[in-house]
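Below is one structure, written out as structure tokens, with a few remarks after it.
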Amino acid sequence: MKKVYAKEEYCLGCRLCEVHCIVAHSDYKNDIVKAFKKQEQRPLPRVIVEENRPVSFALQCRHCEDAPCTTACITGAMQKDPVTGVVTCEESRCVGCWTCILACPFGAIARNEQGKKVASKCDLCSELGDIPACVKNCPNAAMVFEER
Amino acid sequence: MLMREGDIRIPSGCAISGIMNKKGQVFSGGDIIKSIALMHDRSNGLGGGFAAYGIYPEYPDHYAFHMFYDDVKAKENTEYFFHLNYEMDASEKIPIRKVKGIGPGPIIWRYFVRPREEKLFELEMSEEDFVAKSVFQINGTIPGAFVVSSGKNMGAFKAVGFPEDVGEFYRLDEYKAYIWTAHGRFPTNTPGWWGGAHPFTLLDWSIVHNGEISSYGANKRYLEMFGYKLALQTDTEAITYCFDLLLRQHKVPLEVAVTALAAPFWRDIEKMTPEKREAVTAIRNIYGPLLLNGPFSIILGSRNGIMALNDRVKLRSLVAATKGDFLYVASEESAIREICAEPDTVWAPKGGEPVIGLLEGVDTL
Amino acid sequence: MINYSTPEFLIERDRNRCIDCKVCVRQCANEAHSFDEEEQKVVSHDEKCVACHRCVVMCPTHALTIKRFPLEFRQNSLWTGRTIKDIYMQAETGGILSTGMGNDKPYPIYWDHMLLNASQVTNPSIDPLREPMELKTFIGRKPDRLEFKDGKLATKLSTQLELDLPVIFSAMSYGSISLNAHKSLAKASQVEGTFWNTGEGGLHRDLYEYGPNTIVQVASGRFGVNPEYLNAGAAIEIKIGQGAKPGIGGHLPGEKVDWEVSKTRMIPEGTDAISPAPHHDIYSIEDLHQLIFSLKEATNYKKPVGVKIAAVHNVAAIASGIARAGADFITLDGFRGGTGSAPLRTRDSVGIPIELALAAVDTRLRNEGIRGSVSIISASSIRNSSDVVKAIALGADAVYIGTAALISLGCHVCQKCNTGKCNWGIATQNPNLTKRLNPEIGAQRAANLLLAWKREIKEMLGGMGINALESLRGNRLMLRGIGLSDRDLKILGINAAGE
Amino acid sequence: MKYVIVGNSAAAIGAVEGIRKVDKDSPITLISDEPYHTYSRPLISYYLAGKVSQEKMYYRNEDFYQVNKVETILGVKAEGLDAAEKVVTLLNGQKVGYDKLLIATGGKPFVPPNLILQKSGMYSFIKLDDVKEIEKIAKSGSKTVIIGAGLIGLKAAEGLAKLGVDITVVELANRVLSAILDEEAAAFVQDNLEEHGIKFELNTTADKILGEDKVSGVVLQNGKELECDFLIVAIGVVPNTDLVKGSEVKLNRGIVVDEHMETNVPGVYAAGDVSEGYDTIYKQQRVLPILPNAYRQGENAGKNMAGAESVYAGGFAMNSIGFFDYPMITAGIIKPEGDEFESLVQSDPACKSYKKIVLRQDVIVGFIYLNKVDRAGIITGLISDQVNVSTFKQALLEDDFGYIDFPVEERKVRMLKGGRSA
């Protein structure tokens, strides 16, 4: 399946991927300013920028084949789509037990505790039906979305 | 007063025509006049001319200088120049007949001369280089004098007017030549100076040309490095010198000269055999400044034959035909059929592909 | 002591648009933005801004604008703000004023005083979309004539550089610019069929694969010069001078000499790399002759060897000497040429415009009948394809582009190359900054620039009724001057518009 | 091929999904004594606290059985196994034949003899039915005693506290969550629980239950007497091996299986809390009663039952749990004994955070994260992959520890691989 791969040698550490991830998962998908200023509960970025200058890179869910988060999930909220391979968290079923956080070897799942506690993770922007927002908006092509 | 050729660059469109007999049989100028006359509309009455080879069998080894003089002073100065540098065996007014379409012109004179041996020895020059240098000297330093032609057993005849009138004016029906070329001119502006009419000649070379080459500036500056003085600033002059440089001075084969002037495209060069590719690449690299860019069709004449050539994208018309020992080339097919109703073959040469007609027994122009 | 300096630029932040995402904070190497923890807001510091626009371009909400700082001195044509500030700076530091990029003074730009021709009626223009349009260019020594024996070519040509367009990336050393910038230019050269020049800092091991598209430079410091290096490139350029600083050497501060630069330059890590003003083995033209032939010997006469000089008053005579000393090409670098670092006064006051130098050299070499024996590469201040066309018409075989190439990579011409804080990852060795230039993107952009210029040059050639570049080269009839003195026109060898 | 699965929780569901990855069509019969659609047992405390509805407890969508072509026999207990005849006998007398059988009966509460649930008001806290009963009696102001301060006991306490129940937790060990926390961590957790009104009696347990038919109090071994309206026994869970008792299926603490999750009886498999499995840290077969493990064992068993070759590589203890929004994640050996271990500890009372990482020869074998639990899975991953962390040991406890701290090559390989593959 197509996944996002980081090219750390070109990551600027600018964190625009985080900004655009937030926007893509907000109610204002085409308006950054509103996504940040109007939305009461701003989504968490689902991409993590790790940085230890000069090295930095963006990391998001690897959508593992055996996805430990899905086998660990106590509610069945975390599922890997058998067709697309995308691992998503059905937030209405998630109870915020964080077993997925315990299980994810990439540390790619975040705790969203703004309202109902839910696990927040990369969904490859499946809803937008486009290439993921982080990849699309990376100013330096430090991420690629491709089949390997 | 309008500036004349040499003071300014004047572009022009034209008609050209040429006839040769490959066996060297001479024939009268009547046909070439008829041929060029048919293309009357391609000229505008501001210039016409002819070159003829084989017209002076009585002086085969003399350089026949055809001269225009604005005044007697110019004639005297030039004749003094000849006196210093040449043995002169004949000198006469070129016979003309009054024609309605030809206005008042310069003093028209011709001389049959041979370079003085001591001069050649003194300057360590070949006869031809010496003559060429003389042409530049006369044109460049004697006010009011202009060399119309300077080859052996050949001559150029030109004037301001329509070409058929020019032919009649010079009584060309009375001359016999084995090569005739003709030119009818359509300059965009000209003061009506006779020297500016075509053909342009140097030594045996004569050129009639239709077109306007956009590479003129590049060609000119390259030629200047080799000592040419482009007094007239005309394409015809530049083209003549291009051939002179390549064929006479650098002694490259005719096909090399053609390759330089109407080079094949790189995309075609890539498909050539390695050996040919190397040679053509070298030609384009070294002689690139001689590439004639922009539209042209020319007929290059020499004592050995003629070559007709189009620019490499064929932006000007050119048609060729054969009939027996005769080779015809002209801007329009009708101009050939006018004098040769049923040619053996007729074709339109491709851009950059020369039509070469050589006398029997010679292998280059 | 109070600091008299005042900001040059004003950073305007639209608070209605700013989302405090801190992208600007992370992007500014000059620290012109910071995050105020107490206020939980991003704030700006005008005095640190150099107007490189990195933050403006990166800001996801377009909340930032940079303006000229509105502080005015009393109007004075002689004592301008810039003049006054220079004095403050020197009074404070006692130092030579240093700067980057090329001369920015309002001297005449001759390119803008020359106009090109086009065909009308008597001569058809040629449509490059329908007809072949050839830009192939050869750089190298050419014989006066070719000889043929039995119809076959008998002349052996010396090695020529073959270019698909008459534009080469000019010498910018690894050290003055980043490895990623080098990679970008090298790759773009390969893609578009031209060359790039190492500059005087050697050739990084990773770039040897681009050797067939590389001109390696030998300068007074001889950094990175060894037999392998000389043989790695397609041609060698001896750098005598640079248009931005004629008569001046170079100085790469030790902090830019990291491990990779040190390996490439063959000098200890962290030491200053000082290029002497002259080559200390070239004090005369005959010495140059010897170096040219030493380099030819070292490369088995397989590589064209050129010489780069700054355009100075006597440039035509010097160029003639270089041609006669055996150079295969001469690079003329005009007084607007760029630099990674130069003394301000030298940059702005020494040398002559390339347009005049180029015309003078071409004319001189033609008058001497030796123009064909040497190629001329014109460097400095080429901004666009029409400048290229004008340079070729004046007589250049090809042009070098430096600043334009860097702009294609993102340079915003803030003139702070000398600080090593290039926010675009170009003129810096700071690993935090160099990674900002992704050489894949850089190569694409630089190649796109060349491609675009190719297309434009073809359009202009076609318009002039020319379908091969050699018919434009030195064809000054295609140029007309506008607003030039008779003297200028004479030196340029062109007529005035309307003539 | 006919598959029979006894059980309806994580291991059983894992087995269904495992079988269906290999065999799309053969019939599967799933038998459970519980009458419900598959649900998540850990969610019963959430149910009790009113945080999830019964529908939201479903472990898989309602069409799960249908989509996976599973025939269910729910609400009927499987009573006996005749391995020779390949037949499972149900409590209602029905006999179900199989070609391949999976026993995924899970665990059952361990109840010491003196606490046998004979009076009303005494409950376990394992199944949905347990909380459905508790729900009826647990009211604001009512009192309860919970025996056992393990995961189940404390989850029950949290759920009841939210209903306003007065709670005392009794624990025999010296600390709460003694299986997964060391003393220092346990103190943090206990403090937090106490802040929410839960009382503790440690180092003791129930001695005697008071009340006639109905529980009215507990007398502890330390002599204290606690009044209560109901009592929850949450001492522990043991494998529910009733089905195979008396059969030739070999038992240790749990059902003994090989790396394919197959028992000593060919065609009979076991997975989940009922079985043992390889513990990669202790390097021995153990019962690992945790949900992720159950699912993986079940899935693995399913694949093998369907004829694929699949090896269960083993697991180790790991838990993520939280009380009153105070999260904790632990795994492996958390209270090491012996010279071979090294412990890295960072304790920050101001942030109520605690981190402990236990290493054995520079390989992580266990950890405790309290409060700051983000990205804990990276450590779990390092445990599973037995990565030697000597080069980046110093970064492990940092707040921003991540892949950036890995050696470059290790990082690139992991990230480029694009995730774990089966």
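Every chain is named by a letter (A, B, C and D) in the order it is written, and numbering of its residues begins at 1.
Keep in mind that, in the parts below, contacts are C-beta pairs under 8 Å (C-beta built on N, C-alpha and C of every residue); 3 or more make two chains touch, one makes a residue touch a chain.
On a predicted model such as this, the values are computed, not experimentally measured, just so you know.
**Student:** Just to be sure I understand: going only through chains that touch, what's the smallest number of steps from chain B to chain C?
**Tutor:** Between chain B and chain C, the shortest chain-hopping route counts 1.
**Student:** Could you run down the chains that neighbour chain A and chain B together?
**Tutor:** C
**Student:** Which pair, A-D or A-C, has more C-beta contacts?
**Tutor:** Of A-D and A-C, more C-beta pairs in contact link A-D.
**Student:** Would you identify the chain whose C-alpha centroid lies closest to the centroid of all protein C-alpha atoms displayed?
**Tutor:** C
**Student:** Determine, using the mean of C-alpha atoms as each chain's centre, which chain is farthest from chain C.
**Tutor:** Between chain C and every other chain, the largest centroid distance is to D.
**Student:** Quick one: report the Å distance separating chain A from chain D, using the average Cα coordinate of each chain.
**Tutor:** 28
**Student:** State, to the nearest whole Å, the distance from the C-alpha centre of chain C to the C-alpha centre of chain D.
**Tutor:** 69
**Student:** Any idea how many Å lie between the Cα centroids of chain A and chain C?
**Tutor:** About 44 Å, centre to centre.
**Student:** When the centre of a chain is set as the mean of its C-alpha atoms, what distance in Å lies between chain B and chain D?
**Tutor:** Distance between chain centres: 106 Å.
**Student:** Please list, in label order, each pair of chains that touches.
**Tutor:** Touch list across chains, by label: A-C, A-D, B-C.
**Student:** Under the stated contact criterion, what part of chain D meets chain A in this complex?
**Tutor:** 14, 40, 42-43, 46, 51-52, 56-61, 291-292, 295-296, 299, 318-322, 325, 327, 329, 331, 373-378, 380-382, 384-385, 400, 402-405, 412, 414-422
**Student:** Tell me, which parts of chain A touch chain D in their complex?
**Tutor:** That would be residues 3, 5-6, 8, 48, 50-52, 55-57, 59, 62-69, 71-72, 74-76, 92-93, 95-107, 109-111, 113, 117, 148 of chain A.
**Student:** Spell out the part of chain B that touches chain C in their complex, as residue ranges.
**Tutor:** So the residues of chain B in touch with chain C come to 9, 11-13, 188, 211-212, 214-222, 224-226, 249-250, 252-253, 255-256, 263, 265-267, 275, 278-279, 282-289, 291-295, 312-313, 315.
**Student:** Can you check the complex and tell me which residues of chain C touch chain B?
**Tutor:** Where chain C meets chain B, its residues are 119, 122-124, 126, 131-132, 134, 136, 138, 142-143, 145-148, 151-153, 155, 157, 160, 366, 369, 371-372, 393, 464-468, 470-478.
**Student:** Would you tell me which residues of chain A are touching chain C in their complex?
**Tutor:** The contact residues of chain A facing chain C are 7, 9-16, 18-20, 32-33, 36-37, 53-54, 137, 139-142.
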